[in-house]
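In what follows, chain A forms one complex with chain B and a second complex with chain C.
And now, the complex of A and B:
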């Protein structure tokens, strides 16, 4: 019997040899990911003298400036997620239907920007949104506006730039789910007399829901934490939680508040991960 | 096909076309700006030149930042490939309790805010007394690359037919040779794509690295952003175009050896 089957044969009798394979990863992530984050959480609940305290949390939640930043971070993340879904859902269907050359083109348009990196793309968008940038020149040239619009340093520009950067993360999970579904289910529903809207809401949408949930969770968790994109597109004028964290550690040296804001951001991200995995588990249970 | 279906299909094609243009826009803009003769980002450029590529070649700090990034990305990806493959085998083939927790923990740095991981590592390394920026960066970049490897390899191993190894052994190969002859080629596409995305993620990382650098160890993204704040001229567009060519090369290699469709699984 091979070593691979040995473990399954004697469950619980002795230490599973596969556990040994996980030891390097467990050590690395335990030391470099879990432990540092636990320390950060502990630090956020201490005051400057080292006693347990929720003083910085009280300070955070009673500061209108901080609350505005919190609200803005969440609103921008929700807007970005909705826009990626709106654009990504039809694109995923087109990608699943496309064959040959067309499919290659759409796949390249997804994967190439994914491999280029955030700084390059955010930098390019900051050029596009300049007052003397392409958008304003086109709109002025077409006579749609007669004054250049202020686009850079606005939340709209941030959402457009962030959507551009996170869009592949929405398209690809939905595409993966569409490829697994049976296209005949729709035809079957149609044959049985279901209208197109019924087909969509009762057949297509439920089947693709796991892809939507996975994509939305991924996009939201990245959008709520993004730093480079707002830094290049809206600058210091509009503060998000990420920018406040960077500012507390790099410039203000207020590590207490920085740790507290980090914990709040971490809680939002963890909440999304947990909720989405619970939903995904329910969905797969329902289909099984 | 009903009329509504047809309208929906046409609409999805129009959206897909617009999305493709939208996604490629920043890359095209960057390349155009890099060849401008002007020292501001005017679009379309008043004239063409290679001056920003010449400027880039003279910027020794940018080049040393590039080497540091390539160095960190290569070493951390290799370590992550070894550690990640072992962990993926444990996740897929093991029967010990807590496998799901292991799977979640190994992939979760991908969905956790980068800045928070950076801040946590900054304080942790300081508490430990680790003051060397290079080693701090290298350890952090293993945390960055590992999730990419585990995510792809777990998916690949779940599809891999382990009875092939038994078959090879029945045919007389010793166990270790059976692994090398059967499992390594079967997993090669997963190694290649996960390694590629891990490498690129390390090359691009800013939020974690920013807290761990010192004056002598600045990675390329940090140097680029600093440069943009201090002297915004199209040199950065030239650097970015270089990165786009690097990504394009990786993509061509990936599509020739693995296939585009398998790269995104």
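And now, the complex of A and C:
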């Protein structure tokens, strides 16, 4: 039995020394992430005099301005996740199927843009979305539209920009799962008479679901909390929750409301992560 | 039980790695301690001239390195407030209304002639609240426009229906956002700016009429400025000379208009952070910023009005146009409410 298995097979007798490797990261997360979140949670349930109160939650959920931002944040995150999945799923297959130089090129195309700053990408998109940008020129040239569309500072622009930035986070988990699946399973299904569509929906898709769930959790969590991208792409007239957090803390100096919105945003992200973990656990249990 | 060599090795390796990591992490701090550093906060738009003009001159004279953190005035205030117990900023360059908030929160140390002798040489009205802060140079603000637009001689041009969806104005989070608000008050009431600045309801009603022309409201200037240069938008309200005119001289197809109703003096202030690190160096930096030598260079390179009376021969402001400086105490008192009201009104 390997060292790994030996340690795992005798819980309680001694601490697995490998756990020590996680200590620095856990300390860092504890200090820089968990502790501030606890402070935020506490602050969100206090009023300006320090007494326990849910007044800011009531204020948030009874304010149409805040609810619009909440709806927009969730809708944009869902749309971004779906669009990245739509583009990322076939890309992950192409990546898994490709060999040698082609695979390297696709991998570089996926990973290299991660080294380009979000601000640079946002500026680039503002050029593409202009009235005389590539999109409008193409649509006008093809005769699809008579007048240039307004794309700058719209939710559509935000979803497209965010998809561009988060695409690798969808492709890579799906690619990792595809690499682990046995390609003979699809051949076996075909041999037994399954058509391409049946094979895809009954064999391929279920096998790659863990990758889809992981990628969707990554992209949704990042999209729901993004700040710089909406700030640059849609501006101040179209607020999202993260923009409202900055506005509350920095400009309105309303720490209670800032903490409340932060807690709500965290709850949304945590819900998605927990649900995806549960789904992943069930899927891996079913496939074991 | 058999001794587990692998886990022993892991433990030793872990300790070695931890020591090595700690040393690596501490090294930059040890190295930095050998060179004096002064952390200065300021506006993001100041970064270029601070790093190209001020920092090299200061470093040459005092042998100390300037680290400039460019952001918004309100973010600088937040940094000062959050680090009040142990400040890391020594000097901050920010706008007057935010300076008032910093004074109210006891975050500043007065600039006295003993600390910075040049403060005694500034023109009247540029030293505020017993020396809590001083203006060094003041850029003027008007309307930046693409040269494809002709005759931006009035602020009413922003409301011209011909420019539907082709105007951008600053958010009230940005100090320059106040200029459109005050000018809206003036246009709505017909009163002089000195009186109109208090007519905020009228100002908001007039701004409501501007919405069809607005492509966006910006909090980050650079992107909107690019759109102006690319002729995606026609006009960018409330822009200041220190940022716009250098782009004009570099050949961008834009210009800065000084409309007939008036232009505004940007309230560029400098202050000493209370209990900030390196207080002597900080005072020296402020003294240099208020000195005639540096101000004459800054006034010319940033197209701003110098505050030091010994600076001669710098003629920056457009002739015959009123340069208005608002009641910043009134702004400071009401700003949070105005931001909230403005954001809700402009929201899509």
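What we mean here is this: the second predicted complex is superposed on the first by the 249 of 288 C-alpha atoms of A that agree within 3 Å, B and C clash if a C-alpha of one lies under 4 Å from a C-alpha of the other, contacts with A are read in each partner's own complex, and residues count from 1 in each chain.
Just so we're on the same page, contacts are C-beta pairs under 8 Å (C-beta built on N, C-alpha and C of every residue); 3 or more make two chains touch, one makes a residue touch a chain.
Since the model is a prediction, treat every value here as computed from it, not as a measurement.
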> Which of the two partners, first being chain B and second being chain C, lies in contact with A:78: first, second, both, or neither?
Replying inline: neither
>> After superposing on the shared chain, does chain C or chain B touch more chain A residues?
In response: B
>> Looking at A:283 after the superposition, I want to know if it touches chain B, chain C, both of them or none. Which is it: first, second, both, neither?
In response: neither
>> On the A-aligned overlay, A:252 touches which partner chain: chain B = first, chain C = second, or both, or neither?
In response: second
>> So in the superposed three-chain picture, is A:196 touching just chain B, just chain C, both, or none of them (first/second/both/neither)?
In response: first
> Is A:265 in contact with chain B, with chain C, with both, or with neither (first, second, both, neither)?
Replying inline: first
> Can A:24 be said to touch chain B (first), chain C (second), both, or neither?
Replying inline: both
> Once the shared chain is lined up, is A:239 touching chain B (first), chain C (second), both, or neither of them?
Replying inline: second
> Between chain B (first) and chain C (second), which does A:231 come into contact with in this model arrangement: first, second, both, or neither?
Replying inline: both
>> In the overlaid three-chain picture, which partner chain does A:54 touch, first (chain B) or second (chain C), both, or neither?
In response: neither
> Looking at chain A, which of its residues have contacts with both chain B and chain C?
Replying inline: 3, 18, 20-21, 24, 123, 127, 130, 132, 231-232, 249-250
>> Under the definition above, what is the set of chain C residues touching chain A in their complex?
In response: 4, 6-7, 10-11, 14, 18, 21, 72, 74-75, 78, 165, 171, 173, 214-220, 223, 226-227, 230, 232, 336, 339-340, 343-344, 346-348
> Hey, which residues of chain A end up touching chain C in the complex?
Replying inline: 3, 17-18, 20-21, 24, 65, 68, 122-123, 126-127, 130-132, 150, 152-153, 231-232, 235-239, 247, 249-254
> Which chain A residues qualify as touching chain B in the complex?
Replying inline: 2-5, 7-8, 11, 15-16, 18-22, 24-26, 28-29, 32-37, 39-40, 43, 87-88, 90-91, 93-95, 97-98, 103-121, 123-125, 127-128, 130, 132-134, 137, 164, 167-168, 171-172, 175-176, 190, 196-197, 217-218, 221-222, 224-225, 227-228, 231-232, 242, 245-246, 249-250, 255, 258-259, 262, 265-266, 269-270, 272-273, 277
> Considering the complex alone, what residue numbers of chain B touch chain A?
Replying inline: 2, 4-5, 8-9, 11-13, 15-16, 18-20, 22-27, 29-30, 33, 41-43, 82-84, 86-87, 89-91, 93-96, 102, 104-106, 108-109, 111-117, 119-124, 127, 139-140, 142-143, 146, 150, 162, 165-166, 169, 175, 196-197, 200, 203-204, 206-207, 210-211, 221, 224-225, 228, 236-237, 240, 243-244, 247-248, 250-251, 260-261, 263-265
